[in-house]
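Structures for review follow.
Common to both upcoming complexes is chain A, partnered first by chain B, then by chain C.
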Partner chain A sequence: MSAHASDKFVYHEPGLQHQFEDMKQQEESVSIGMWLFLAQEIMFFGGLFTAYLVYRSRYPMAFAAGSNHLNAFWGGLNTLVLIVSSLTMALTVYYAQKSNRNMQVIMIILTMIFGAVFLGVKGIEYTDKYNHGLVPMAGLNKRVKADKNAHHEVEKPCWEVDHNAPPVEHPNPRGEFLWTDCSLAKLAQDKNFLTPSERVGYFTGDQIDIEKFKGMVRIFYYLYFVMTGLHALHMIIGLGLMTWLLWTAWKRNYNSEYYMPVEMSGLYWHFVDIVWIFLFPLLYLLGRHFMH
Partner chain B sequence: MEHDHMTIPKYLGVFAVLVVGTILTDYDATIDLDSIFPGANTLVALLIAFTKMACVMLFFMHVYWSPKLIWLAVIASFFWMAIMFAFTMADYFTRAAGVFTT
Partner chain C sequence: MQSADVIGSGFSDKPKLNYLTNGTTLKSWLLTKDHKRIAILYLISVSVFFLMGGVYAATIRLELLTPASDLLETGTYNKVFTQHGILMIFFFLIPSIPAVLGNFLLPIMIGAKDLALPRINLLSLYLYWLGGALALYGLMQGGVDTGWTFYTPYSTTFSNSYVLAVGVGIFINGFSSILTGLNFIVTIHTMRAPGMTWFRLPLFVWAMYAVSLVMILGTPVVAITVLLVAIERVARVGIFDPAIGGDPILFQHMFWFYSHPAVYIMVLPGMGVVSELISNFSRKKIFGYEFIAFSSIAIAVFGFLVWGHHMFVSGQSIYASMVFSFLTMVVAIPSAIKMFNWTATLYKGSIDFSTPMLYGLGFMGLFLIGGLTGLYLGAIGLTVHLTDTYYVVSHFHYVMVGGQVVAYLGGLHYWWPKITGKMYSEFWGKTSAMLVFVGFNLTFFPQLILGYMGMPRRYAAYPPEFQVLNIFSTAGASVLGIGMLLPVIYLLHSLVYGKPAGDNPWRLPGLEWRTSSPPPTENFEKMPVVTWEAYEFGEDNGLDLEEDRRRDLAPVA
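On to the complex of A and B.
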């Protein structure tokens, strides 16, 4: 204050930035900015959910078949991990409001640990997809040489493949997307609940065509990788935010007067959690009651 | 400033609701509701997901105590997404499916 040669004393709250009238205006401006960013993020993910909605409504059995090869245990575990990290994030904001620096730092570190566990589990899942030829891009799967001496079981029609059997390693010299099981298309055909698009999309003549069915399962895996990949990118950015927050909280930058950066980072983190809350049932849990 | 709305027991309560919701989602997937009407399984899963989302937004993100302008931003973003879904599906659901009897 002494720098300004003012004859009037104006009370200035320590956390108030000069462009705002008062703390209330500052808080509301910062919040509305963050929420508009999140509205934009909702539209960003919304485009992918729209693509999902269109293709799933047309080819539900291909989506159910693809979904059954995702590991619901890892998906569910990651859901819980993210919920815990959301709790620790909410508590970070709580302790910032209480001017408790040490608990703030502990909660930020816990949030980061759970975020890292989430990404680790994601890595395990992606590796599994790589090993079983489920990445929908040629060349990005594990290459398995065709061995003439290897004992291969007799080729079965695709609708007789047991969808509960453990995945078999097939020769895959070019690392292409592999799919051999169309038993769910057969099930839907027998019980007469194929959608009109499926009646066209899976069949050549009156025979289920595994190549066509594989193409639709591939769309499911494409959406799986783009949606979870974009979500994982958000997690990585969130971890970057947390690193910065950890540093500034360590320096005692936040207290009951000024904690907006903590609150705004929290909004971002919770948003990423909410996206996963929808991704988990929509990607991992389709058609499980057909299977078991 | 008012920021004493949430206490640690309340945060833990919301957390418990989220965990129960996750378990219910998982259970929902193992039982056959699609025999009631197609898509019932997904509908229940989405209802649980919306409940969980509401808990996170209202209490973890403090929307419940936020100014009306924040409520407007939240509701508007879902409204825009609903428009995107509705108009897209209005197209896809009313296309000629191209059914050829086999």
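On to the complex of A and C.
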């Protein structure tokens, strides 16, 4: 758009958009915009956290049972990986401010590697859920044919399942959600700390109903997949952002005068990191003492 | 002052380009970053959705002409009122004033060249189109019958309609309004012209600021809620369906946490427009500027604390209901502050009954009824009787149609000469404003009575004793429909045959009236410097408004 006569004569700093008067105004605008976007993101994840808290407080034992089947080692490793990636991201901004192009590029590559490792570990975990019938949607789990010759065990009550024994592969011809262990419901019943919702939610009459308990564990896995899935989606978007940043940093676009895009991408990256810092304890750590 | 600039820049004899003539290819429109062109594209889009929603409304009123469900089957009727609600709320009311008038005027009113983030602005338009296309796809495939509120477990488990497509459409459309709100707040913070202090901002800008807050903080919550409903529908996991351990009340909490503030998205912009109209067409500085400005913010803040009043009969704790009821009454205070200040502005003003002012005064009357009936519904005792009756339907139409749509039409007429450079027919404008006012009251006042008598909403059939009032209502709807269709005709007519409007047809001091009509792409020839207060009609505004006005009023010799 060159409708404006004065455009031809005014010196424009590189990177200055046409609607702004000077760099300071542009930086301020972009920065406020990014913070508002993050506020929006907090509300977005906030809805999920609310749902999680409501169900966690209603069915604590089912959620503890679900938590125990997540691998805290992988979760912990991912936490470490993300925190280190935040460090390299912060260093990227630092080196951009120092006009150090080579270190910038190195730090962006490191950040991307850590991001990719995070997603890789997430992939391992999701595969594990797929293999063990823990994906809460019928048809999305590994299908295991029922073995007709198998020796049928005597039906034991669900609370006597030994949860430290090596996992048994249960037949699952339709790839449904599987859950056989209700020992935590029994524990809460024996020690008398069931919540009112649990009294209704796990029992048929006086008997623990594994089907009902399974439904509540399934809610945990549903929330687990939605929360970590949306987080992983944010990571993928972050990696896309990093690829663009790598390209522009390679072309020597950023220096002590102009580094706003680096700083803004950094804000986004740190935000995604912080979401994980909340997700990890909520999903992996709460209630582990009941079994470990 | 202005003419000197025009002479200074006019060293070619070609006519000066304005935003409409600067680039005429389709690409220059579809990839534009100019807030004014984006506003025009929004104007066309929301008008299409408004007319579609209007066709559904007409169908509803025709069905209710007779007590039996003869025109539509009950199942079809469910789809018709649902689609009326979805199109009108998500695709017309929410974007109407912010995305059309706000987009066009906010940068001009504060003396900026554009919104702070023009590419984000274009992105929001495309998200709106994408969301709208998905919703339309769902409607054409067979429609939705859940009501616009998507209450669970009906929407997640039982409804056999296209909830998924429409839900995803609303999800995407939500991000369009988030981005618009984000852009507005950034722009108001950083793009004000020299001298344009916070308390010199037009009140329309304050209203846009308040509404943007609601959009940014509320919309993501409904987005995630709709997403959970969609996933629940596909995966059959009970988070909202009680049959498999879920909680339908959780859905209502999460839905209304956004959707109650959203009803303020549907009236705050209208209040902003009306503040402009009342002050400017009384030719008097607005009474209590700061109070009106902060009452907008107060409505936005309190709006987040009252969502529970939609759940008084959903088995919510009585103590929660009492708190929500109290807070609902509190919202009436900032709204009343506005009403009183507008009234005080009119007092001893030099009132000009032009078309925009007729709409503005109409807003005051209709919003008054809408607001007061809201207080009845906010009282926990009375609401048991009134919940889910036509009283509720009438109440929110008084606020949304009587409020937002009337203000939107008023604003559109008011700024039409600025947007297009052409003047519409004043006679037809006044006629349509009067038709809308009369038709609206005839449609919805009988519904207040019907609701009080106990006629429930969302049924295709009703007992014969309600028929007389329903006939009144349908008759009113026809008048209202004509009143709403007229502007489409004479505004389009004015584009070709209208008189050139001039830069300042209303002789007003606001910044938007100090640039040419239609404005150039960069809004102002050079950066304006603001030295006058908002709504300054005295000597200090730097224009000779009264002189111009005397010349306008003088008989042509």
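Note that the second predicted complex is superposed on the first by the 268 of 292 C-alpha atoms of A that agree within 3 Å, B and C clash if a C-alpha of one lies under 4 Å from a C-alpha of the other, contacts with A are read in each partner's own complex, and residues count from 1 in each chain.
By definition in this document, contacts are C-beta pairs under 8 Å (C-beta built on N, C-alpha and C of every residue); 3 or more make two chains touch, one makes a residue touch a chain.
Since this is a predicted model, take the numbers as computed values, not measurements.
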item	value
Superposed partners chain B and chain C on chain A - clash or fit	fit
From chain A, separation angle of chain B and chain C (C-alpha centres, steps of 10 degrees)	80
Which of chain B and chain C A:Leu110 touches, first, second, both or neither	neither
Chain B versus chain C as contact partner of A:Tyr94, first or second or both or neither	first
Which of chain B and chain C A:Phe280 touches, first, second, both or neither	first
Touched partner set for A:Val144, first chain B, second chain C, both or neither	neither
Residue contacts with chain A in the superposition, chain B compared against chain C	B
Chain B versus chain C as contact partner of A:Ser86, first or second or both or neither	first
Which superposed partner A:Leu223 touches (first chain B, second chain C, both, neither)	second
Partner chain(s) touched by A:Gly215 [first = chain B, second = chain C, both, neither]	second
Which of chain B and chain C A:Leu241 touches, first, second, both or neither	neither
Partner chain(s) touched by A:Thr50 [first = chain B, second = chain C, both, neither]	both
Per-pair minimum CA distance [chain C against chain B, superposed on A] in Å	5
Contacts on chain A seen with chain B and repeated with chain C across the two complexes	28, 32, 36, 39, 43, 46-47, 50, 54, 58
Chain A residues touching chain B - in the complex, by the definition given at the top	23-24, 27-28, 31-32, 35-36, 38-39, 42-43, 46-47, 49-50, 53-54, 57-58, 72, 76, 79-80, 83-84, 86-87, 89-91, 94, 97, 193, 195-197, 199-200, 203, 205-206, 256-257, 263, 266-267, 270-271, 273-274, 277-278, 280-282, 285-286, 288-289, 292
Of all residues in chain C, those that touch chain A in their complex	9, 17, 22-23, 33-34, 112-118, 120, 178, 182-183, 185-187, 189-191, 216-221, 223-225, 227-228, 231, 234-239, 244-247, 250, 254, 520-522, 526-527
Contact set on chain B toward chain A in their complex	1, 3-4, 6, 8, 11-12, 14-15, 18-19, 22, 25-26, 28-34, 38, 41-42, 45-46, 48-49, 52-53, 56-57, 59-62, 66-67, 69-70, 73-74, 76-78, 80-81, 84-85, 88-89, 92-93, 97-100, 102
Residues on chain A engaged by chain C in the complex (per definition of touch)	1, 3-6, 17-21, 25, 28-30, 32-33, 36-37, 39-41, 43-48, 50-51, 54-55, 58-59, 136-138, 201, 212, 215-216, 218-219, 222-223, 226
